[in-house]
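Inspection log for the structure reproduced underneath, given as structure tokens.
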Amino acid sequence: MIDKFVPSLTEAMAGIADGATVLIAGFGAGIPDTLLRGLLAQGARDLTLVVNAAASEEGPVAELLAAGRVRKVMCSFVRAASTASRLQREGRLEIEMVPQGTLAERIRAGGAGIQAFYTPTAADTVLAEGRETRVIGGKLCLLEHAITADVALVDAWEADRWGNLTHRATARNFNPIMAMAGRLTIVQTRHVVALGTIPPQHVQTAGVFVDRVLHVPEGDAA
Amino acid sequence: MIDKFVPSLTEAMAGIADGATVLIAGFGAGIPDTLLRGLLAQGARDLTLVVNAAASEEGPVAELLAAGRVRKVMCSFVRAASTASRLQREGRLEIEMVPQGTLAERIRAGGAGIQAFYTPTAADTVLAEGRETRVIGGKLCLLEHAITADVALVDAWEADRWGNLTHRATARNFNPIMAMAGRLTIVQTRHVVALGTIPPQHVQTAGVFVDRVLHVPEGDAA
Amino acid sequence: MIQGRDRLAIARRIAEDIPEGWFVNLGIGMPTAVSDYIPPEREVIFHAENGVIGIGPAPAPEEADPYLVNAGVQPITLLTGAALVHHADSFAIARGGHLDLCVLGAFQVDEAGDLANWAHGLTEPTRQIGGAMDLAVGAQRVWVAMEHCTKAGEPRLLPRCTYPLTARGVVQRVYTDLAVLEVTAAGFAVREMVPGLDFATLQSRTGATLQRG
Amino acid sequence: MIQGRDRLAIARRIAEDIPEGWFVNLGIGMPTAVSDYIPPEREVIFHAENGVIGIGPAPAPEEADPYLVNAGVQPITLLTGAALVHHADSFAIARGGHLDLCVLGAFQVDEAGDLANWAHGLTEPTRQIGGAMDLAVGAQRVWVAMEHCTKAGEPRLLPRCTYPLTARGVVQRVYTDLAVLEVTAAGFAVREMVPGLDFATLQSRTGATLQRG
């Protein structure tokens, strides 16, 4: 019987190696906060984080950064008053700025087996300096490579034992595409449902993309 | 008030020009058969059809071909005993063979504003002869261009007046992505529902992609 | 003393120009308020980068759902008829040409329609690209909502942007506290000035040469 | 006279080798029958190109739903736990490396693992590419189910395919009516022969030089 549930946060986070690239889903809502605390406890170092925003001085992403566990962040948004900016100024962190749509598309491409694509986004900006551009269909386009990752940390509203997921409202955001792009996709879910509870046409992230699921009841942070 | 419903097949098909590229959704199920008959009646010529299979000697695609209305077909599947093959042998039809996944991805790319992408699919086959290939991430990849189209013909199970759609079971197939890639997206729907009937998280094709909707009750072919 | 439009008045002015049936993305900041000034009987559908199509009015604070936010991570409601998608599908809408309009804030706009709205310089630690580069090149129309000058009185409408660009040649209109301007082949054309403002004064507050009307 | 495996026996033999928990795509034709031989207590999840994850047993004819078909446009049922997606998402599964296994039919396979399964020649009017090129390069493993020889007795296991390729160097195993063979760096290695068949006879029906087991 396929059963992707794991009984503890420790087991959920087992095996993440030093040097791993980690996708962190969420955009205001849908952040896998318990798994992030698990990553902090798990100890892997020299990480590359792919996350929409590194804008804060608080929360588990900032804590991972402050603990010196991260080599590089790929994101669309940083603030001056953030741990990421401070570490970058100190020469202790590399930040790669990626337009948010390009970030989403690169992650989807990684999950979908597309190696690279051409997009007009950012093609005539400083982000394109020194990189390959080409005019296609009359539009200047920039070559962007797919992002795949060793690990994806994903939040869900409901999960079944095959790893089929739903995400509530705008907590969907990066979760389905990051689940696709992680070689090891770890999910925290608010609710556990029996197989078949989620109608086939309403599955938002199919279990084929999911490796481990941890039940984190709402309000329970451990 | 936004209301994308049109009262007749004639109005649904109005304005399709000679030389148009037309996406035709469906894969066994989910074929917009009424709209195809409308296209046959509408009269546009010199069409390029993008459709998964041109494998038959019957049905509206074969009739369009037999009527000499089509210049080119892009598809993943043809049979010897098909109108398409016969016309090609007679020098009256161009057929571009496209692997089915590449076809789906090129259509999605068209709808998503991706101009072109690199994929390993078909990179070391005769389909790649004379075309641009490149090794990315250790894999030989083929450059594939997005497909956009003047018109997309789409089938739905339910539609509301904003053009939000659901598709029943495997009748989904190409319908959502072709809806994205058509500059004029025309939908036939089995059921009309009030705005708000389809829960936001269960919309399968968002109304933003849809221009016109025709109600074609099940079993009614006109 | 000229009474310029305040931020909400700029948003209200933009709302006047949005016809029924458009799909519109509103950037963070001043543009977000535009939707508040669309009369309820005029159906305009607002999109947010985080996967919302059909944003409704802001909820009362006690009714805010933490699972339902806009691209500025503010609580929202959904309109009847709304749809929710994931981030890649949401940007497929933005990048694929499916938005009739995007209203963005800006630091600078120049007479070629170039837009600068993500950083004051390349070494600046605040870099707010977000979805702006995607929206700016993907939407059918880009309108900018901004103050005509910086707080220090420096012009934001320039012959050429000095800050890093978001996208080149994309801005069609600029709505400021002082005027509504269109980007034309000949540069900025003044379509409207606030009452009491004369052309010479507007020109004095503008870095680029303005065209009359 | 050697009794080779019939088409269903080949499918049954393949089913023996598929462990619980795999995601598997079955090509049109002989491979489709593989799922019938997976015991119900062994959970294997079958994918179809047209957007099904979790295909169940074929329905009774009177219970067939025309809206629910597989990639061969045959009626199917869904397993409890199934999911439905659109065509691009379905091929994201196939192309993105998410299938543990794809079982395809073939015209020819060669000792480099090259696969030819879409046309007998470039001018042939039947060209059944379908999803095979995507599946062959995207799946973690490609196994082929085919007759060892053509009806005319020509070998299908060759030093080098003569038909147009579907993909290069992708086949790991071949299940035929006569044998199970693995593609190795040294060519085809015979892992299993049907009872009564000797190596020399198998070699005589094979175009490529075989390696003993």
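Going in written order, the chains are labelled A, B, C and D, and every chain counts its residues from 1.
Keep this in mind: contacts are C-beta pairs under 8 Å (C-beta built on N, C-alpha and C of every residue); 3 or more make two chains touch, one makes a residue touch a chain.
These figures come from a predicted structure and were not determined experimentally.
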Of A-C and A-D, whichever chain pair has more C-beta contact pairs: A-C
Centroid distance [mean C-alpha coordinates] between subunit B and subunit A, Å: 33
Whole-Å separation of chain centres (CA-atom averages), subunit B against subunit D: 29
Rounded Å distance, subunit A centre to subunit D centre (Cα mean): 34
Contacts with two or more other chains, residues of subunit B listed in rising order: 105, 108, 112-114, 119-120, 169, 172, 200-201, 204
Set of subunit C residues in contact with two or more other chains: 84-85, 88, 91, 94-95, 138
Contacting chain pairs - touch in the sense defined above: A-B, A-C, A-D, B-C, B-D
Footprint of subunit D on subunit A - complex, ascending: 1-2, 108, 110-114, 160-162, 164, 180, 195-196, 198, 200-201, 203, 206-209
Complex interface listing, subunit D residues touching subunit B: 48-52, 65-71, 73, 84-88, 90-91, 94-95, 122, 124-135, 137-138, 164-168
Subunit B - residues contacting subunit D, complex: 27-30, 76-80, 82, 85, 88-89, 97-102, 104-105, 107-108, 119-127, 157, 168-177, 204
Contact set on subunit A toward subunit B in their complex: 105, 109, 112-120, 136-137, 139, 141, 145-146, 166, 169, 172, 200-202, 204
Residue numbers on subunit D that touch subunit A, as the complex places them: 20-21, 23, 43, 45, 47, 53-54, 78, 80-85, 88, 91-99, 138
